[in-house]
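The structure follows.
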Amino acid sequence: MSGSGWLFRFGMLLAAGFIALLILLPLFSLLLYADPARQLALLRSDETLAALRVTLTTSLLATGAIFVTGLPTAFAISRFNRKWRQLVDSLLELPMVLPQIVAGLALLLAFGRNGIFGRVLSAWGMQIPFSTAAVVLAIIFVLAPFFIRRTAVLFDQVDHELEEAAQLLGAGPFFGFRHVTLPLCRRPLIAEAIMVFLQSIGLFGAVILFAGNIPGRTRTLTLAIFDAFESNPEVAFALAALLLLVSLLLVLAGRLLLRNLDGGGK
Amino acid sequence: MSGSGWLFRFGMLLAAGFIALLILLPLFSLLLYADPARQLALLRSDETLAALRVTLTTSLLATGAIFVTGLPTAFAISRFNRKWRQLVDSLLELPMVLPQIVAGLALLLAFGRNGIFGRVLSAWGMQIPFSTAAVVLAIIFVLAPFFIRRTAVLFDQVDHELEEAAQLLGAGPFFGFRHVTLPLCRRPLIAEAIMVFLQSIGLFGAVILFAGNIPGRTRTLTLAIFDAFESNPEVAFALAALLLLVSLLLVLAGRLLLRNLDGGGK
Amino acid sequence: MSGFRLDIAFRRPHLALDVLLEIPPGLTLLLGPNGAGKTTLLRLLAGLEKPDDGTITSNDRTLFDAARGICLPPSQRRIGLLFQHLALFPHLDVRDNIGFGLRAQGIGKVERERSIAAIVARFALEPHIDKPVAALSGGERQKVALARTLAARPDVLLLDEPTATLDQENRWRFRAWLAEILAEWKVPTLMVTHDPADAASFRKRIVVLEGGRICQRGSFHQLLHAPATPFVADFAGVNFISGTIGTDNGATIFTSAAGTRLQAPFELSRSGPACLTVLPWEIALYRELPEGSPRNVVEGTVRDAIVLGDRVRVTLLGREKLVAEISLRGYQAMGQPGRGATLFAAFKAREARVENV
Amino acid sequence: MSGFRLDIAFRRPHLALDVLLEIPPGLTLLLGPNGAGKTTLLRLLAGLEKPDDGTITSNDRTLFDAARGICLPPSQRRIGLLFQHLALFPHLDVRDNIGFGLRAQGIGKVERERSIAAIVARFALEPHIDKPVAALSGGERQKVALARTLAARPDVLLLDEPTATLDQENRWRFRAWLAEILAEWKVPTLMVTHDPADAASFRKRIVVLEGGRICQRGSFHQLLHAPATPFVADFAGVNFISGTIGTDNGATIFTSAAGTRLQAPFELSRSGPACLTVLPWEIALYRELPEGSPRNVVEGTVRDAIVLGDRVRVTLLGREKLVAEISLRGYQAMGQPGRGATLFAAFKAREARVENV
Amino acid sequence: TVFAASSLREPFIAIGELFEKRHGEEVVFNFAGSQTLKTQIEFGAPADLYAAANPMIIRPLVEKGLVGDVRYFAGNRLVLLLAGNRPPLRQLSELTADNLQIALGNSAVPIGQYTLRLLENLAGDPAFGAELVAGIRRNVRTEESSVKAIVAKVLLGEVDAGFVYASDLVDGVRAKTAHLELPAAHNPFVRYPAAVVSGSQHATAAQRFLDLLLAPAGQQILHRHGFLPAGSGDDR
């Protein structure tokens, strides 16, 4: 038994080492390759700053939208009975598998000027594609299913008796959700938020097709990297390193903020 | 109270409706656009079948590898103390933000012929890029951080007293992990597995750069879709619909299998 | 018509409940063996499970009516349920746990703080008010759970084994306090318990649930003197022997299921299945078979002998299980027979009571 | 040297434990008020918390030694701990919960099945063997948790309030069964309880923990006759009054903290702080102040009067809190004074006992 | 708004600045793959001018009447890009050497189609011959989906050689690689088409931008970025 304990620990170390190697080595190589002086210069260029601004606004908006609409949806789903649940789960899995470029296409088909829904919208004088809203929409389309699916499972895991206790104390469904279910899932939800945000920064295919690549409007840092890659790979690396740095700072800031908010609790 | 209950339910409906619209409309448009006869023809072509085979083997292998290495890593991480934990979490967040194309580049820099680690490997006569292994590696690099980060949070949520109970009954760390921690997280882990698998199918940028696009070896269905999109968009849609169908079937099959395995329990 | 009435049926493979019960203001105790369905009954009343049939009314408010299709959600039933496993909110500290109900009901901060302070003081929870519940000891948690339930000012109170993990002092405090609260509020209260001391302190209204049905109701005194089932007898500490009344050579006699023949006053009973009860303090114990005695004598070995103050409670196992309570002095005079010793239990025919079943 | 020894110190802001204890084979009871640190002590022994200092040995195996830097992990201590909140595995059915320890220890399927069957039979759990634990009632869960702990055949058994949610019948069964097991296995066992009936049945070795320290150890008899603290007195059901011995007009007298002056046999005591104890059955109750009596008399109002068989236990609150146990007949003769009635409690000087503290 | 292929990014931005200086009108660019842009236009993107990297792609748009007259404003040819970390090859025949690794474009994408045509032309010429081409094909390590992927791999030394456009030889690439010009006779000539999108709200401005592209100033900028004039070769 003590022997198996050693084995397990060794296995754990091995696995962790493998993963660490796999992740750190490429990152390290990337940083080595990049050139700090150039990065600084890039950071100062208007174009880069514009892309950064678009990236941050759209990612934050999308993350917010995914939370606002996804949390209640996930809650509703986690309260479904078995049969409905499986249907909805399968439905949510459909968009997960779409390559992003196809996702972008599907979005164009639906919301483009000649799209099913787009025709209705443009009759009202609204046009979604090639606007900042389109970037946000694309991010939601690609990431919301993942978020909802996972969050529903989280809500499933919450001890049902606690929710019952809340109801018996007079809490309506919203109060119970807000003050019992949500806070019980706080830590995984924060992790989820960070990940949705980071992923939304890195999205590419759906965004370029549906929203285009218009500087100051829909051109995100990721698209800028892609452009740079087309014309000058060196710049792409520099931009990527910048992206890495910015998002790291953001995540750290977010963490600190959250920790201060709840007074270092738990 | 009853009023707020209504409001909440209405809000939930609204949110769910928004999400449903956003997801279903594009999918529906896509299916309308595709042409079943052509799809069938495509399905029969050798090229498509080869791509399908590559997709399935690499995705399954990668999902397996992510589980085998990621689970113990996540377990180790969830046992870290606060300070170390934050460091590791931040480290895991770094690769999440990388656009896939940059991820592919980083992989090439590390494991390519002239890469830091690649040089060592090629001295031994091994070459990773342009092989099926490269596809798997790229998938792991992109998806493992997400998996590990989330799984660690899952493990955090497990009631500590249950793990203590297991230890006191004589269970070593591995036994406790295998028979208490893991099964307690069964449902979310299955959801996670399905999602990793589906995401790995849809992966594009990192794969194409690091593994290339070699028919029968590294050319996955997603790459095929991308190629088709460049030359003949109609084919791309058909292939995408096929991809949708195949992955749906796979997920359903996997679900049934799992349900049978544990005899319909819980 | 004030109080709480229920008449419900609930059928599941593992349990069939069929209960008609009225809970007037004040305390009603619910007794029953492990697995009798007590917790399930409370959950049905609270709206956490749905009865298959019947009605539930609380102070003339219909909470449930299968025929009329009424089924209020738990949050609108105004029922306070203390869970057997407490169900404290792990993410809130003691103060917020206690204030949860008030907050959920939209009660303002000032009034809320006042109510919380009052309840916290009553339970002597001041030193713990800012602790997360995970940092509390078992008994402290129980107290917080109780305080939380009561703070929400329910119309009906359902308590599932509230005293189980309290220490003796806190149990007494709790009982005194509950009696006080109920005298003040007159809330219908149903309290599940396994502690005979609870039954002894709240002895007016007791309901016994066994196998999903109410098998006896009445005061503790009634239970003590005419236990309807072995469980009740055991709970009340009364000896209970099932058997039949018959005649032997013209004389009436009670024969237990195990074959022991016993005398009793048979004036009010007929032949047929019956049960015989005898109080523990009516039984005398002897080392040797008491000779020439007109009494019923049963032989047995000591299972345990526990000292309760100046008395000793001896449990004998033999053909029948008998509990006798004798004075400590008498026990010591016998030489303190311990586990395994053989003793003879004797009781006069007129101390026994038989009842047809 | 067989048995379990510990001498540990554990200091936290909320609790300071300092315990030196030896647990010989057989049962030792651990009493203490809510929050005394009983659960924490068990966790320290089991290795779930680490003492700041000291040693723990089990049958000559050193489990912990701060000086030598030894600290075995819980899985190698061979300690069976029954958690207060049970900690049953929700993903396993009853059978697998019980078999978990055997499986973890690598015991083969055949032998495992046999052991499980034996334990299941002893606990009468057969009807539940295939149920998930969520489907069990509170008492059934308790039984399964116990069975699971015992099935792993530990060297030491630590039980945290094992009888709390069992019904009376199951409590007796459990006690009988535990006594049997311990007679057979001779496992050192430490059992936390709040039930005086446990102390009355296992009366040999009792340890009382208060505020992180052991304040008394001995047999139930010793606790009953010389309770060291109000908690012990309360637990044993003895009246306990703190005060001082002094002289008044040349005569020695005991004055309680509240100012009541009482007579007692002072032969063995000196002046200074002391405590006075008197057994409940030594106290007589009167409606009117008994005149011309040489006895101690204390006035009080009835807090509760509970019927225990043919006796009544009356708690009086006044300057002092006094519990008296009188016969049901006597109580009825007084007109059954209820809550709030004023009574006079009297006891002879020689029935009291004082002890310097 | 100008929808232009990603490979045209650098010269177009320069031309855009010139345009703004000359006409005082703001130009907004949307750079993406030609195919992506085409799809976007099909779905009603608010484009005014479409500049593609491939003459084939624009044809369906013309047929559907989505764009106006097509004008060719630049040309391109293939070069053989060589990794910088090994002695540069001098002639094509060295491509058949053992252990040499070559990257090609996938036959589904334009670069692949052009490379294919180049190789067919070479095979048909006795000066090079079918054998040489077979040798080259043997050394093909990967078929990439985009020309930039080929560039990246050569740049990183992952493969030794790759067929790319001359316009891919930007300064950063030139500095780290070598290249070999291919026989002009067999080199397919790629023409870059542009057209004003039908229904454009800024049709005149779009036409003006197109004019500027064809004007000497525009042509000069394109030339600086490695593009050939559209007329200097025929569409083989």
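The letters A, B, C, D and E name the chains in turn, as written, and every chain counts its residues from 1.
Simple rule for what comes next: contacts are C-beta pairs under 8 Å (C-beta built on N, C-alpha and C of every residue); 3 or more make two chains touch, one makes a residue touch a chain.
This one's a predicted model, so the numbers in the text were calculated from it and none came from an experiment.
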Any chain in contact with chain B as well as chain C: A, D
Chain pair bearing the highest count of C-beta contacts: A-B
Chain at maximum distance from chain D, centres defined as averaged CA atoms: E
Type of chain C:chain D copy interface by residue overlap (half), same or different: same
Chain centre separation in whole Å, for chain B relative to chain A (CA means): 15
Gap in Å, rounded to a whole number, between the CA centres of chain C and chain A: 55
Averaged-CA centre spacing for the pair chain D and chain C, given as whole angstrom: 22
Centre-of-Cα separation between chain E and chain C, whole angstrom: 89
Residue list for chain E, restricted to those that touch at least two other chains: 39, 152
Residue list for chain D, restricted to those that touch at least two other chains: 75, 85, 104-105
Overlap residues in chain A, where contacts from two or more other chains coincide: 1-2, 5, 105, 109, 115, 170, 172-173, 175, 226, 229, 233
Residues of chain D defined as touching chain C within the complex: 14, 32-39, 84-85, 135-140, 143, 160-161, 164-172, 175-176, 179, 194, 196-197, 200-201, 203, 220-221, 224, 231, 234-235, 237, 279-281, 303-304, 306-311, 313, 315, 325, 339
Complex contacts: residues of chain E adjacent to chain B: 33, 35, 39, 85, 103, 106, 108-110, 141-146, 149, 152-153, 156-158
Chain A - residues contacting chain E, complex: 105, 108-109, 112-115, 118, 122, 127, 129-130, 208-209, 212-215, 217, 226-227, 229-235
Touching residues on chain B, where the partner in the complex is chain D: 159, 161-162, 164-173, 175-176, 179-180, 183-184, 186, 266
Interfacial residue positions of chain B with respect to chain A in the complex: 1-2, 4-5, 7-9, 11-13, 15-16, 18-19, 21-30, 32-33, 68-73, 75-77, 86, 90-103, 105-107, 109-111, 115-117, 137, 140-141, 144-146, 148-150, 153-154, 156-157, 170, 172-175, 177, 187-188, 191-192, 194-195, 198-199, 201-202, 204-205, 222, 225-226, 229, 233, 236-237, 240, 243-244, 247-248, 251-252, 255
